[in-house]
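Here is the structure we will look at, set down as structure tokens.
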Amino acid sequence: MDGIHDLGGKQGFGPINVTEPTEPFHEEWEARVWGISCSTGAPGITIDWWRYIREMTIPEDYLTRPYLDSWSESDMVTLVDSNICTVEELATGKSNTPRLEDANNITVDQALEANRMSSRRFDRPSNADPKYIVGNDVVTCQFTSTGHTRLPAYVRGKPGKVYAYHGAHLLPDAGAKGEEIAEHLYTIAFNACDLWPEAHDSNDIIFVDLWESYFDN
Amino acid sequence: MTTFDEKKAVEIHQALHSHLPSEPALRVKALESLLIEKGLTTSETIDAWIEAYSEEIGPKRGALIIARSWVDPEFKKRLMADAAKAIEEFGFEGKATGHLKAVENTDKIHNLVVCTLCSCYPFSILGIAPTWYKTAAYRSRAVRDPRGVLNEFGVMLNDDIKVCVWDSTAELRYLVVPQRPSGTDNLNEKELAELVTRNSMIGTDRDLNSQAKVKS
Amino acid sequence: MDGIHDLGGKQGFGPINVTEPTEPFHEEWEARVWGISCSTGAPGITIDWWRYIREMTIPEDYLTRPYLDSWSESDMVTLVDSNICTVEELATGKSNTPRLEDANNITVDQALEANRMSSRRFDRPSNADPKYIVGNDVVTCQFTSTGHTRLPAYVRGKPGKVYAYHGAHLLPDAGAKGEEIAEHLYTIAFNACDLWPEAHDSNDIIFVDLWESYFDN
Amino acid sequence: MTTFDEKKAVEIHQALHSHLPSEPALRVKALESLLIEKGLTTSETIDAWIEAYSEEIGPKRGALIIARSWVDPEFKKRLMADAAKAIEEFGFEGKATGHLKAVENTDKIHNLVVCTLCSCYPFSILGIAPTWYKTAAYRSRAVRDPRGVLNEFGVMLNDDIKVCVWDSTAELRYLVVPQRPSGTDNLNEKELAELVTRNSMIGTDRDLNSQAKVKS
């Protein structure tokens, strides 16, 4: 999706607020968003579908609403999509169905343990041989999936070099549709001078993790 | 169950935009009340998660990893080879660290981490991402004008230092291993950890010598 | 400039308000903006520099402020840039310099005549022969000027065909710096199927007016 | 004099963003007062321009051009060959028509005009552009999903009609010449002009037969 989220290299933004307080949460509601997000969720969701939902945020909202507020709104979309609640209920904060038994409380130690157990891996077995080895030259596709993809606009149709190979990982373009496809994943090194017109004298490198179907050659 | 229906998702976004209060605190309050009433979570559980991410899970964890890598060459090897596995030695594995990679600063290389497409971040070892990391300004500029971004953070790089920017587009997450400050031979692992800033592990800080001077 | 203004093909926007009233101005302030814009201006400005200023609008403002308000703000930038007024004066609406004589009033007929006389041409003589003729295949550049350009992102690095030749016109990339360069201008026909991944069955054509230095071949 | 200094322009944008009231009516009122006090314009002059663009300069002009092209084959030839010159026969030349081009709808072709980079529009023959023409929604979608856009405007095209989208990236401006409605042989030029909608000259309207039925 060529959406507002695809910000790499877009100009006109800035400066950066480098004097932000170091506390993890700057507003009470931000902390609540995090706690809610950690303790609830829509069943059957994939990380890719969640990200795609986030990308479909109204562009004006995406750019102007506080980050965790907009992030929480994407969670709300998944709740409504899954019939866990309605827009009206979210607007009023009151349930239209009979009150259920309260969920169980967890302690901080249980949260820490749940966090530790939530480490997930996205590599999967694949029967296909990887097409590239480290050091190979690649050219990224100009075209992407029409829906969710993780090939950013700024590295489409660009030459790069395979820096690392990571085995086959779940392809986001499929995950956003609820499908599981394992595809070889590489870290590609792009020269800044191949990406940006003003970077012709630069030796800087931009590394991007890309799947095998994101290459043309 | 979720539908994977993009048209429906767009409609829900629009409905939420039209019907929810614009004040974030009010939106979140309503969300919390509703989810509790529906028996999906509790205030205490939300509190527990907030405390976990305020007190325990944060950049202190990353700093301990970095300090260990400075004093223990064997650990450093394991960290560079497979950071996801190496952090299990601390019990720090968790959200968004299943494919953690460590990238090391040297005299000639400076590493900078960004997620241009969303805001991927190794939560379990660095905690909640700073707001600036999630802004359009940082995400747009880090890959195009990394030296300009670094300047704003007070990091001035000589031209002979190459910037390596890591855009977290897959489920790999990146941890920058900053250089050990000079004159810290007398510090133990715990004291060294106190020198490691959060920003140095993202790459928007580089020279920890000033931290070292304050502490030693 | 890869800015927020470069909207062609960006996804996530919509729907369109097709039931808008037909009156030219929907708010009194909109009418005033137009009248002010028609009757004032910063000296020495070029259309390209004005557009570049507009492109440098804070992206959040660009997407969320009413169109003519944001447009007027660009006019204000030119006034401040030219030392005609200060930001403080614009904030208060009061001049910090001694009051001058009033400008002359004009009548509606004089406005109509001034409008008629304001037709401008942007073609200029050129000693260079045009590099292409109608029917030629071209490929657009991936890279553009680092500042203002009129090569939209959605037609960069894309194949097209010369549909029409218009002589040499002032190059916007130079005009935004106050320079006059005449360069051959063509209308290029792009097949929708070469621009958009979802358009593989489409016969639709997108015509874009592009200057000769916007092509690679 | 203007500086052509992009850094300065960015700073002024930021200063205006910080210091001006957010309400458009207040901003514009202050601007008008200031410019009058500085002797750069007058209320009466602003009124005159508004009236010119409310009463005289508008889509009525474009409609007269289209109607003439329907009844006068020689004018039609001149219009298609050089629209900028042809409209001088009406005295309609002016703002943004110096390089006007006419593009003609046929049974197999539908034309649609957009400006993706800003909002270029042939003011002197169509007047003030409708707000939708200037929205991100229209500008982003017209080149990628023209049939979807047309559907929203109530225009359903058969697959055998090709859409030609004209993106006004240079100083050329485009005027769509819609097809003359059937059953209008008895109408004179002035009556025909009344059938021509503004949207039909942008391309977001196509079939003027419904207009013709109402009028005839």
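Think of it as A, B, C and D in the order they're written, each chain with its own count starting at 1.
Here is the rule we go by: contacts are C-beta pairs under 8 Å (C-beta built on N, C-alpha and C of every residue); 3 or more make two chains touch, one makes a residue touch a chain.
Composition by chain, UniProt nomenclature: B, D = nitrile hydratase.
These figures come from a predicted structure and were not determined experimentally.
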Partner chains that chain A and chain D have in common: C
Chain whose Cα centroid lies at the greatest distance from that of chain B: D
Geometric centre distance via CA averages, chain C-chain B, whole Å: 40
Separation of mean Cα positions, chain B and chain A [Å, integer]: 14
Chain B-chain D separation of Cα centroids, rounded to whole Å: 49
Centroid distance [mean C-alpha coordinates] between chain C and chain A, Å: 34
Residue numbers of chain B (touch at least two other chains): 136
Multi-chain contact residues (two or more partners), chain C: 9-11, 13, 56-59, 63
Chain D-touching residues of chain C, taken from the complex the two chains share: 5-11, 13-18, 20, 22-29, 31-36, 38-40, 42-45, 47, 49, 51-54, 56-58, 61, 63, 65-69, 72-73, 76-78, 80-82, 84-85, 87-95, 97, 99-108, 110-112, 115-123, 147, 150-152, 154, 166, 169-170, 172, 176-178, 185, 187, 195-196, 199, 203-211
Complex contacts: residues of chain A adjacent to chain C: 1-4, 9-13, 55-60, 62-64, 142-146, 153, 157-158, 197-198
Touch list for chain B against partner chain A, complex: 1-6, 8-10, 12-17, 19-21, 24-25, 27-42, 44-58, 84, 91-95, 97-99, 114, 116-119, 124, 127-128, 130-132, 134-141, 143-144, 146-147, 149, 152-154, 162-172, 198, 204
